[in-house]
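Each structure below appears as structure tokens.
Presented sequentially are two complexes of subunit A, the first with subunit B as partner and the second with subunit C.
Now for the complex of A and B:
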């Protein structure tokens, strides 16, 4: 694939022209180095130190002390399990609902363009604002969702203050926000499939289910994997929505890892410990990142 | 007979799909509708589940007027515009030469693919990892609570993305003009500024809007790096106007105020938007 794209030749040029290809790339790489590679390396170094900002002048090296403390910190484990439950439930629901919608709505309809435009809105809306809106919708006494439940004879649920439903509520918000994305992506994938295999299969009397199971599904599987991994990776960073819906509560039953590190940083000012927590979290999601980038690399031009 | 049955089937099929579309649209838009209605209610009615204006409640614009005349909201809006515009422009300025280089030159030691993947992978770094170092860096340089700090940080969030989308865009561009110019001995910089950039205006605008929207809605770094001078609309929204209890109407108004510009801008670049969100994954 890469071989089909001829590149420019750089010889027979002014001396500076020889370096043009590096000079074009350099500003970007310097910026990336200064604001990502350096900070993350610095943070890694900090994770082996103890530093109470504003109270102690300098970080002191304590080896793996932070990591040991982290493993014994109940709050870390709760936030980690919260994050994992949230991420895998939300991504799975988004994939299933998104796929169902994409298959059922795979035919081009008159309102298609409008539908896509509408589907874009939740994912570009300011997440902190979305958190507030959903806090109104899920309000135990006045919220329309409980009103709807009452209407069909079900009791009200204290969505955001009951420890047993709070994570589910956050999942619902994420599903609301990102299912349209999965739907739009998978629909595009289905519409770009070649028509011939489907026509051939129909001639031989294949049922709709068979068409889906043995043609559509295997052909869009690679896209599904990428979309799924992308959703996992983005969902791991969840912060804004939880911040305005529950603030991590009740207790820390809906706190995500990112919130946990935020609180350690900005409330306890324990910078070394916060870095250690962030890096432990990073190590966990690195697996997902590597899987995703492997897929992207293979499909790259 | 079979023809009739087929057309009946088609009819059922389209009834089903239009019903689904309707449910989907209501599901997606209802929260926005709810916020809009709350913003039009008087404070006493903020926490009531009335739905239809005029019939169930008397709409009023008083919350809107109150919301946009608050000096801190205007201040935050100005910050939003300044920060989003500058960081999007900076991301394009740094990203477009790199994207062009990755699309047109061939690198030997590290292959083009590796460099592109390396740049994109920086976007995947969880923000939690860089919160502490960013805070310390801005503290050292005395940039805490300044717009510059947020511009720099939002640019680094957007840069990998900008390089990635623009690279795709340059790859799709025909090379004839550039080759002709090179034969005439045109230097690369002139070639890039005078020929490539003017030809790629649509891609540049799309990418710019993408970066703008990200910066406009970003919250975590705004929260960590600012407390009064450089606060943005998401900061205001999150703070919740707690002085007299939660002021739902004001929050709804601010949320809509923050949500409307990205939605309008996104419609302009809908086609690129989806591709961009997918990081080119569909191709």
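Now for the complex of A and C:
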């Protein structure tokens, strides 16, 4: 009797079933909307306002005023330049050193395994801890690095306060921490390569360099591109290391754009201007990433 | 065959979970607390327990008038972590519970680097703190912003333990805003000048200095020019005969630390003409930061630039790498002799640390005084240098103060707690006996007069304690003493000052260029906050009538 059949035994689709897929998506959509879309849209709207959070209750619409002001903000451009120098230098060095380590330590002997484990340790530590460790290592008065220099008759260097060495010092710290990441990724890529092409090349008398240049490198190139882009995007967010080692100084010669944005937001409470700075930075990263990705893709073809 | 019932069940479960989560989020848990007033606070930062320092004597809590109890009341206090500022609250809260029958004092400890933003966010949005203990130079944003309760009525009805005993300069310049008291004292702060007696007071070295410089230095040195010469003289040789190279001066130079306070120690001496009558500020006298009529920054004057030049010069006579030193480095290095420095400037901490044999290698070898002055001062009115001795006292940082949030649901209890912590029988322990374990420094006359407490509880010799306290009292007795910038936007003004100093020290800007850049930055900040508003608040900060 049809009337007594439970609803879940029927073949017809219930209305709720038609919309079930949307309901399943709902939690994810709420999450994305609340934590990504809404803050992004809200901060975009804020970038067209002036809002001193501690002094005024409501933001005031000022059009593109913040963006115009940014054009003349020397600190914004210096910190942007610092960030770009840091990002491209650190990411390139990490790729080169990481690749060298991956090639050198790709064999499966006991020594290589131990060396691989040692190489991975910096990546495990928290950036703030690393910042403090390097701050002590590079301390110009009692840091061990200067002590070593003094032992061989060289003068102490104010690594973290001399404008000519400060960015380099921060790059070194970042390279020390993140090269292991590149190393792990590239080593995995190398180990997953097929053996046949290498054996065939060896039969034809290819040298180790030729094996690397004409087989390994082209075959791991896609992984290298991905790793490089990942490091680039991650390095753009640099904050902790600079905050703990130099505080952005001397002057703002080592301040990153993220740090400057943090100051505008959380110290000066100028929320409209901070949003404009953040969006301008975002646009610059977007353009740089697209250009870079496009260029790499064309070269790979 | 499809199984729609499974889909149905899963959907129902998800909806149920969402509704549950939503309801849970919307409904705040009700906390049932017996007593007249309930404070339902939410602690957003991890609360840490600090081991209370031992007390050799049982303190006598002040007796409020009329005596009151706050049975079952819970208060939330937000402040800086660690034993220095939060520690005394943990230490004394049990005594306060016994006195008032209050239920709990929760301490929200926030690292200094995040303290301002977290405190302001709570005052503006979350509204969970009852009491805040904060640096006095945030008064413009906190008191001027109307986030804390005026204490005038409380003081009238409940009294304040020995109010007259608190140094008048603290009462008027630190605790008040626009003539209204908004805070109780918690910690006093000013810079002192320190020297190693085994360097500066050695007759042989004094004679040698005379031969090289053609005059005898004063002890303590009178001017920064004298300090510069002394620092140069004691720099780079083994004057304490321990086989190590010793240096001239320990000073704070790092960006993002406490450098602006050290810089003002110098710059104010060259820039500020003292008032003609004590405490009578005028357009050209007793003013350091802005013109009191136009709000024009006074950072591009020859006096200010002279301060920058002298500050950079002192760096030459500090140990290698001192450009990265924070005030923490200054005091640690000075007392631990790593390396030895003949001269130093610091808050009262070096004095406190040098008596502690666990960390000090200079015990009984340190002299104290007020900051040196300058041999000349820039007269802004006439636009000329005045060649005469000029000495300006400064409340560097101004100490930590306690206020009641305007959102506090039990202000009577909050007032009782902050006055209890500031009462003479309680705070004498923290500033003397507990001085090595807390960061509280003297601010009451009784702190300066009760030398016995420093000897008995602090391990000082009477002579040393007297010399140390006299140096601090010299600043507190000065009605012309400068405070920090305390108007809204203080972090932004301060950050620009910090950057300008840092650029000069690093050699990336000349003192003149840095001063010009700083002037522009301060003008921009003033305009951003509204020139008229800032002028009004600046005059309030100085205790001047509206223009």
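Just so it is clear, the second predicted complex is superposed on the first by the 248 of 301 C-alpha atoms of A that agree within 3 Å, B and C clash if a C-alpha of one lies under 4 Å from a C-alpha of the other, contacts with A are read in each partner's own complex, and residues count from 1 in each chain.
Here, contacts are C-beta pairs under 8 Å (C-beta built on N, C-alpha and C of every residue); 3 or more make two chains touch, one makes a residue touch a chain.
Source: prediction; values computed, not measured.
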| item | value |
| --- | --- |
| Partner chain in contact with A:54 - subunit B first, subunit C second, else both or neither | second |
| Subunit B versus subunit C as contact partner of A:168, first or second or both or neither | neither |
| Touching partner for A:250 - first (subunit B), second (subunit C), both, neither | second |
| Touched partner set for A:240, first subunit B, second subunit C, both or neither | first |
| Partner chain(s) touched by A:263 [first = subunit B, second = subunit C, both, neither] | second |
| Touched partner set for A:133, first subunit B, second subunit C, both or neither | first |
| Touching partner for A:142 - first (subunit B), second (subunit C), both, neither | both |
| Touching partner for A:215 - first (subunit B), second (subunit C), both, neither | neither |
| Partner chain(s) touched by A:24 [first = subunit B, second = subunit C, both, neither] | both |
| Shared subunit A surface residues [contacts with subunit B and with subunit C] | 7-8, 10, 14, 17, 20, 24, 27, 139, 141-143, 266 |
| Subunit A-facing residues of subunit C, complex | 3-5, 7-8, 10-11, 14-15, 18, 114, 116-117, 120, 124, 141, 145, 253-257, 319-325, 329, 333, 338-339, 488-489, 491-492, 495, 499, 502-503, 505-509, 528-529 |
| Subunit A - residues contacting subunit C, complex | 7-8, 10, 13-14, 16-17, 20, 23-24, 26-27, 52-55, 139-143, 146, 155-156, 158, 160-163, 246-253, 263, 266-270 |
| Subunit B - residues contacting subunit A, complex | 13-14, 16-18, 20-21, 24-25, 27-32, 34-35, 38, 47-49, 51, 94-95, 97-98, 100-102, 104-107, 112-113, 115-117, 119-122, 124-137, 152-153, 155-156, 159-160, 163, 168, 171, 175, 178, 182, 187-189, 192, 213, 216-217, 219-220, 223-224, 233-234, 237-238, 240, 248, 251-252, 254-256, 258-259, 262-263, 266-267, 270, 273-274, 277-283 |
| Complex contact set, residues of subunit A against subunit B | 2, 5-8, 10, 14, 17, 20-21, 24-25, 27-29, 31-32, 35-40, 42-43, 46, 101, 104-105, 107, 109, 111, 115-130, 132-134, 136-137, 139, 141-144, 147, 176, 180-181, 183-185, 188-189, 192, 223, 226-227, 230, 233, 236-237, 239-240, 243-244, 257-258, 261-262, 265-266, 271, 274-275, 277-279, 281-282, 285, 289, 292-293, 295-297, 299-301 |
